[in-house]
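The following blocks contain the structures, represented as structure tokens.
Shared between the two complexes below is chain A, which pairs with chain B and chain C, respectively.
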Partner chain A sequence: MAEQGKVDPMHQFMIEPLFGTDHWTIAGHNIAFTNSALWMLITFVVLFAFVAGGAKGQTVPGRWQVMVEGLVGFIDNLLAANVGPKGKKYVPYIFSLFSFILFSNVLGLLPLGLIKGVHPFTSTSHFTVTGVLAILSFSIVLIVGFARHGLHFFSLFVPHGTPAWLLWLIPVIELISFLVRPFSLALRLFVAMMAGHVLLEVLSSFVISSTNSGMLWGTVVGLPSFALMIAICALEILVAGIQAYVFALLTSLYLNDAENLH
Partner chain B sequence: MEPASAKLIGAGLAAIGAGVAALGVGNVFGSFLESALRNPGAADGQQGRLFIGFAAAELLGLLSFVVAMILIFVA
Partner chain C sequence: MPQIAQLSATYASQIFWALIFFGFVFFVVGRGFVPKVQATVANRDKQIADDLAAAEAARRAAESDEANWAATSNKQRAEAQALIAKAKADATKASEARLAQAAAVVDERIAQADARLAAARADALAEIETVASEAASDIVARLAGLSVEGDAARAAVKEVLHG
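== the complex of A and B ==
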């Protein structure tokens, strides 16, 4: 960081202990309350308030209740379309997953940095967080699959209509694609959120350094970069929704494999 | 060549992957739109498959971003 005013695009992903909790330990492991934990807590509180505010059960729903019912109905339809009637019992899990990811993606995009001392943080831009979510989904698939079908669950690796002379190859490919699932789930969400934030930060550094170096560069480089930033911000809101949807959709597809085999 | 510069060149080459994945994502949505305009009635039922294809195509582009990040910050 030689020159002043240079923006470090990776600084926003730093995990820092807050409120002097950096020395809290349990059995030698640090359990400091970090900004990541704080923003996950904020996500939880906002989500809880959103659902609690709408769960009134009135016969004629108000605006808020329609929002909450629409969100639940969306997840309900997703599971009904992909898993069938057996998918009903997964609605709470997929709903929590979808809305947690959606809310934490969107909360990380809010322009809260304008308030002095507030540093917005996207908890889903870390592989540890998305990895735990993916492991959760994957272990539910494994537990449900083995509990429901026993060892017959392994027939997932031999799709219907596999020719006999390919029986040595297809199960290997299916096994690999099965084992890659948690990684691809976690990686997709984490990289999509991280890449967007890095892009915004890099563009903002263009704006800052070009305006610092005079009127000419400010108009030639700074203004287009700023316009692009606004467009990318809109794209990021879209991506926040799409990534939450894709995570929920793929989890429900994997649950379909576990419930109904192929 | 110095290792540091080789890393940066490698990270730059990884950006090609992101560009090619852009072709893939564009192909997914383009083909969907093309066929959705031919048969709008069937379009809504295929949105799940649209996003599965999108997710698969996008993941490969994101992997190239991961490669670039690993080259710059980890390796």
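== the complex of A and C ==
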């Protein structure tokens, strides 16, 4: 928290190097292990534990195995519905994408701040991280598209039923919308995560400030803000799932463009 | 906004660690466990499908067994009916033959009895004629003192008896 008991809603997004600040470099770039990296590691460990615990391969599954198989089946269905049979080979990637984002989002929402000295950090609230995922997805789309269809992949920019007299305009619009994809992917997730966390932090600062200024303001402003916080916490859990789903869904739709060019 | 304020200082670290840990997720979880989970699900689905197919085959077999059994039992029942009918017919024929035999015996006996009766009647008639002719000749001898020849008396009696 910032000084003088004030809540700085942006402080939660601060990246603090934990170690390796001085000498961990790649080609002159510092790659210190930060709190962001730590939470990505935690995401990986939790996700690994979750999936490993459910990959027992029993014919009659237990609860845990049902959860993991449900998650895998969900991604499987998503790809089967959006890409078709050719989408089967992308299940590992889309699964990794979806569960990494989902676990990262949800872990960042955990009320670990209640423990002194522990600050939860949502790595997906940084466009440097979401950008990596978006560029990965977009690169896969480009590679698959050009590998599968060659230069014919450019016909993606001329949708079916384009009138001949619009041929000078539609491809330009389509090209722009195509090029915007990685940015929209990265920014949507980062903005959704950041906005929710900022909102919660701002409301909590209302609760703290109003309660500090007395009984009256605490009742008039503090209590409604607190009620709103609870509701928004529920909403944030929903958003955490929805944003992971949207990322995975859009990636699979883009993969569909690359796999089954109209 | 720290995302932008710290961008130049942290982007390399962010990108590096994002790639590292997402890479871990992809290669360890995505490539390592997900295909296993999918294989498990596929195996289970296959086993369920196989079991269902086996159950369907068993049902078919049971149905065809039942049909065979029904056919066999119908056939056997028909055979039994035929056997019963034949036995009945045989029995009827046999009893008819026996009845006919018995009737023949009875008829023969009746005929013999009739013959005996007729013979006895004829004997009796002859006896009566003789007695009557003797009585008539006796009567004639006693009343008229005439002696009538036996043959003449017999003829006279016969004439009277038979008109």
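In the analysis below, the second predicted complex is superposed on the first by the 252 of 262 C-alpha atoms of A that agree within 3 Å, B and C clash if a C-alpha of one lies under 4 Å from a C-alpha of the other, contacts with A are read in each partner's own complex, and residues count from 1 in each chain.
Operating definition for what follows: contacts are C-beta pairs under 8 Å (C-beta built on N, C-alpha and C of every residue); 3 or more make two chains touch, one makes a residue touch a chain.
Just so we're clear, the structure is a prediction, and the values are computed from it rather than from any experiment.
Asker: Taking the superposition as given, does A:205 touch the first partner, chain B, the second, chain C, both, or neither?
Answerer: neither
Asker: One more residue to check, A:35. First (chain B), second (chain C), both or neither?
Answerer: Once the two structures are laid over each other on A, A:35 reaches no partner at all.
Asker: Touch test for A:188: chain B only (first), chain C only (second), both, or neither?
Answerer: first
Asker: Return first, second, both or neither, reflecting whether A:250 touches chain B, chain C, both chains, or no partner chain.
Answerer: first
Asker: Is A:10 touching the first partner chain B, the second partner chain C, both, or neither of them?
Answerer: The answer is both, since A:10 touches chain B and chain C.
Asker: Which of the two, chain B or chain C, is in touch with more residues of chain A?
Answerer: If we count touched residues of chain A for both partners, the winner is C.
Asker: Considering only the touch criterion stated at the top, classify A:162 as touching first (chain B), second (chain C), both, or neither.
Answerer: Touch partners of A:162: none, neither chain B nor chain C.
Asker: On chain A, which stretch or stretches are contacted by chain B in one complex as well as by chain C in the other?
Answerer: 10, 194
Asker: Residues of chain C touching chain A in their complex?
Answerer: Per the stated touch rule, the residues are 1-3, 6-7, 9-22, 24-26, 28-31, 33-41, 43-44, 47.
Asker: What residues of chain A sit close enough to touch chain C in their complex?
Answerer: Residues 10, 13-15, 17, 26, 29-34, 36-37, 40-41, 43-44, 47-48, 51-52, 54-55, 57-59, 61, 65, 68-69, 72-73, 76, 91-93, 95-96, 99-100, 123, 125-129, 131-133, 136, 190, 194.
Asker: Taking the complex as given, what residues does chain B use to touch chain A?
Answerer: 48, 51-52, 54-55, 58-59, 62-63, 65-66, 69, 73
Asker: Please name which positions on chain A make contact with chain B in the complex.
Answerer: It comes out as residues 10, 78, 81-82, 184, 187-188, 191-192, 194-195, 242, 245-246, 249-250, 253.
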